[in-house]
Amino acid sequence: MTPEELAEIAESERVAQSRFTQRVNVCVAAGCLSCQSQSVKDALDREANRRDIKDHCQIKGVGCMGLCAEGPLVSTSSGVLYRKVQAENGAAILDSLGGQPVSHLVCRTDTPFFQRQKKIVLENSGVIDPERIEDYIAGEGYSALIKTLTEMTPREVIDQVTKSGLRGRGGAGYPTGLKWSTVSKSVGTKKYVICNGDEGDPGAFMDRSVLESDPHRVLEGMLIAAYAVGASEGFAYVRAEYPLAVKRLRTAIRQAERVGLLGSDICGTRFSFRVDVRLGAGAFVCGEETALIASVEGKRGTPRPRPPYPAMEGLFGEPTLINNVETFASVAPIIRKGGEWYAQIGTEKSKGTKVFALAGRVQNTGLVEVPMGISLREMVFEIGGGVPEGRKFKAVQTGGPSGGCLPSDCLDMPVDYESLAQAGSIMGSGGMIVMDESSCMVDVAKYFMDFCMTESCGKCIPCRVGTYQMHRILTAIGNMSATQQDLKMLEELCDLLKHTSLCGLGQSAPNPVVSTLRSFAEEYRAHVEEHKCPAGVCNAQPGGETE
Amino acid sequence: MSKKRIATVWLDGCSGCHMSFLDMDERLLAIASAADLVYSPLVDAKEFPDNVDVTLVEGAVSSEEDLHRVQIVRQRTKTLVSLGDCAITANVPGMRNPFGTIPVYDRAYRENVSFDPGIPNQVVPALLPTSRPIHEFVPVDVFVPGCPPSADTIFYVLTELLEGRQPDLSPRTRFGA
Amino acid sequence: MSPVASVKTLKIDGRDLSGRQEETILDVARQNGIFIPRLCEMEGLSDVGACRMCLVEIKGQNKLLPACVTTVEEGMEVTTNSPRLEHYRRMILELLFTERNHVCSVCVSNGHCEMQMLGQRLGITHVHFPYRYPQEDVDASHDRFVIDHNRCILCTRCVRVCDEIEGAHTWDVMGRGINAKVITDLNEPWGSSETCTSCGKCVHVCPTGVLFEKGRSVAEMLKRRQFLPYLTLMRKENE
Amino acid sequence: MSSYVAKPSPPNQDKRWKLVDATIRRQGQQARGLIETLHTVQEAFGYLDQQALRYVAMSLRVPLSRAYGVATFYHFFTLKPAGQHTCVICMGTACYIKGAPQLLDAVQRDLGIAPGETTADKKVSLLTARCLGSCGLAPAVVYDQEVAGKVTRSDIREHVKKWAGHDA
């Protein structure tokens, strides 16, 4: 593959696409697929064949359009978005092309949910066919890779990433440029790049969506990183629970290999890079770098003490760069448009955009990408459309089991790494779960502690036994059988785990408890002293109807 | 100064701690000159009296009766001492805990009984689901581990407490000592 | 590299000491008679940093670091004991006591147990967290040895000695979290293990009474460990 | 040295071992391929039994105890055969606060089994998942391989009842 060949592919794809005067895009990412969007697409295909309009009307499967709550989603070349489309609506939608939209299916896009977003990582999601490399290439795909390989030195690539201010999107927010620079300076017989797609936070589905909607973008990011740090082999570690993401990523790898964007002597340079997919197997702790490495090596995913850091001694003892899916997905646009462009977006210390998975008790559940620094209030009430059924907002949970619950007085806080940490939570990978008054915060804390207890690898004592003891106490509080001493013990354990656990999972396991103890102390008190659950969740008789 | 009032109580244990208590031998006389033993399996008092200064409790809390007794002891005692591993860790009585009460009853009253096997429903106090340390039910002031704690240790603890000092146990005894 | 450059000087508990750059804080402390508690670490085996007993404070660092895996650095100021460290160590050990069924009074290692001794040293006279009392197995299927999981603290010394010194890798850990457990082969009875050489190294590195020789009664199991530094030394000589 | 142990032959004539062998080859018969190979075994046979673990361990030159340790560390692997049908209830945060516990409770009562168990007639296995990533459609359930969103108690009971058939 030479730059010229790539341009040729792009050009011929553009020509091919320009023949279509009409287009219907059907979301075939996991969210809409679970609402039978495949049958919608099949119906549209059949109908288009029957009408024999396929020469000028394209029915295209695309990635996530964001508003998962309203799926299956369909968009058309006339700029209309349809929601909750059923197979039987196919004909009506085809009829409407170029004419009046099918009014009862129209989904308004002039709402904050669509207008407030700024799409960089998700720029192709819902637009291109994730299973065709040509579609990706036609939209400037792999042009950033060509630019790095032909015009830039590794040092210049790292400089751009550093200038962009991009920070790790997996949770901790470590500066990406610094990480790349460290790996590039490390000495080894071989270097590796690992893409962490072990999205284990319950309530987060950004990585899944990116892999399902635009897998080549992740590969391109990995390739650019590999060139910058001098790596020749990469692994994409993806949860086995995401079969569609795995399938599309594997397809993308095969396609990239076929056109020579992966393999030896890429673009006629001496740069070679191979990527293999590794399946996660259901262990949250594998999101931790050293555990992830152990897992890629085929071992039990238990973390080891750092240093040595993976950047120095990682996979098979060699220098290894590990970034998360969204981080890699942010790289190509940064190279195309420059680090300074990216750095203009966001806040002083948190640059660029962040993808969030909005879920829970909020009207518009789905995937959104917003500039850093947007307020929580805008996220929940404008983009999210507020709490449904006229209920009262109670808290928003960010950062999954390592994060915290932010109460209403945090709503005007900007969403960036520092502010969230200061408020007792973390950015995390981007799960944002809204809770209303029907949630009991003790129960929520217990839920997360159950998670941490089950996901503890068992290597270090504070996490292995401490999470068990904390879960026991939270269960006792929920059963109204806890005492003040139990509460004291709970706080003691929070402190112990934070300071003595071996890895991040154990160190941050107390966060949901600490943050709810801080903001919702009254609820704990009611359980312990009055034996009452204000939300009516704990000790409630099971059997209440869902929804 | 009036004599201090001390007591000893025997819950679920083997009485080894009480044997160790008796092993103080002639030093018992020294204790007796400083305090009255107002209640103990070793003396003839039916009811646990009020205003006890120091009570040594041997054994784990294993039955409803144990629980009731330790609560009364707590109410009527200034300084409650958990004496020995059973009182502190449930020790040997606690070894039934992983199995639940039914196999315990079966072993004691069915499997090993040739005459009229059957689980008694009166006289024998009902077992709690698990046998547990005293401090999980009532606050404990001093912990004297050991199985049993040596006579020297018990003597030391009592002398210190009778003279109003807090004994420092860890250099002198340990779990299983 | 010149030999001089590889020597680091540091302070441990206010004492000026030196160590080679590949040595850990624990190594240097041990050479100088400074006690740092540990349960998983053992000289001659690889280090895992799992028990967290050897956490120490380092001046200028917010984080507590495990002495067994932290290598010495020039100018480092280490504190091996403080009220804070003692508090954490006590809590960790208490948690360990609650995890399984540690009944010292009936244990073969009573009086020779590292965990029991450490408890005493840290002044633990009772455990303020509730005990779990789980149901754990005893496997006496081996001709010469017994494993009693009730006393296991998952230090993984047996796993490491079997893999690193004996080379059999009969032992490993199964499951995770509170349900983790050491196993032989495919979680089969030890006595039927195809890979076990019955060398007994695991028995002797075990810090508590989990692994012991058949026929030993309460307090009778003394562990012999002189073989470990000897084997390590002989291997190095022959390299 | 490493050639002392020849690669064993598959435990039996079952054709599915060919898939397993393909993965073993692709992983260069190296220990690092353990998890990938176990994935293939589970995909082919539905679960990992002793025989399979032994075969994989021997083929990749992995100690038996390590293979078992890995197989039991990752919750995606199962050492017991699943029922004819599987019902996976997502217990991710979004699903949890939108009523997944009530769904689980209903199915548990209807089937009389706990999560991770299979009905006595081997018809239905009940499982829970940490998060399916279908949070936008909470609460989510996977019936066999199909994901369903916004599931209600009556939905799930009906679906599972169909599987359990007349003897439920």
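Labels A, B, C and D are assigned to the chains in the order they are written; within every chain, residues are numbered from 1.
By our rule, a residue touches a chain if its C-beta (ideal position, glycine included) is under 8 Å from a C-beta of that chain, and two chains touch if they have at least 3 such contacts.
As the structure is a prediction and not an experimental result, all values here were calculated from the model.
Q: Count the C-beta contact pairs for A-D and for B-C, then tell me which is higher.
A: A-D is joined by more C-beta pairs in contact.
Q: Sort the other chains by how far their Cα centres are from that of chain D and give me the top one.
A: Checked the centroid distances; the maximum from chain D is B.
Q: List the centre-to-centre spacing of chain A and chain D in whole Å, with centres computed as mean CA coordinates.
A: 24
Q: Just how far, in Å, is the C-alpha centre of chain B from the one of chain A?
A: 58
Q: How many Å are there between the centre of chain B and the centre of chain C, using C-alpha atoms for each centre?
A: That pair's centroid distance is 34 Å.
Q: Whole-Å distance, chain B centre to chain D centre, using C-alpha means?
A: Averaging C-alpha atoms per chain gives centres 51 Å apart.
Q: For chain D, give me the residues that contact two or more of the other chains.
A: Touching at least two other chains: 66, 69, 73.
Q: For chain A, write out the residues touching at least two other chains, lowest number first.
A: Residues 283, 300, 455, 457 of chain A touch two or more partner chains.
Q: Find every residue in chain B that makes contact with two or more other chains and list them.
A: None at all.
Q: When you draw the chains as points and link the ones that touch, which shape shows up: line, ring, star, complete, or other?
A: other
Q: Of all possible chain pairs, which ones touch?
A: By the stated definition, chains touch in these pairs: A-C, A-D, B-C, C-D.
Q: For the complex, give me every residue of chain D touching chain C.
A: 50, 53-54, 63-69, 72-73
Q: Can you list the residues on chain C that touch chain A in the complex?
A: Touch list, chain C to chain A: 48-52, 55, 63-64, 66, 69-70, 88, 91-92, 95-96, 98-99, 128-130, 132, 153-154, 173, 175-180.
Q: Over in the complex, which chain D residues touch chain A? Could you list them?
A: 31-36, 38-39, 60, 62, 66, 69-70, 73-77, 91-94, 96-99, 101-103, 105-106, 129-140, 146-153
Q: What does chain A use to touch chain D in their complex?
A: 30-31, 33-35, 68-69, 71, 199-205, 208-209, 240-242, 278-284, 295-302, 316, 357-361, 365-367, 397, 400, 431, 433, 435, 438-439, 444, 447-448, 451, 455, 457, 542-547
Q: Could you please specify the touching residues of chain C with respect to chain D in the complex?
A: 163, 169-176, 183-187, 194-195
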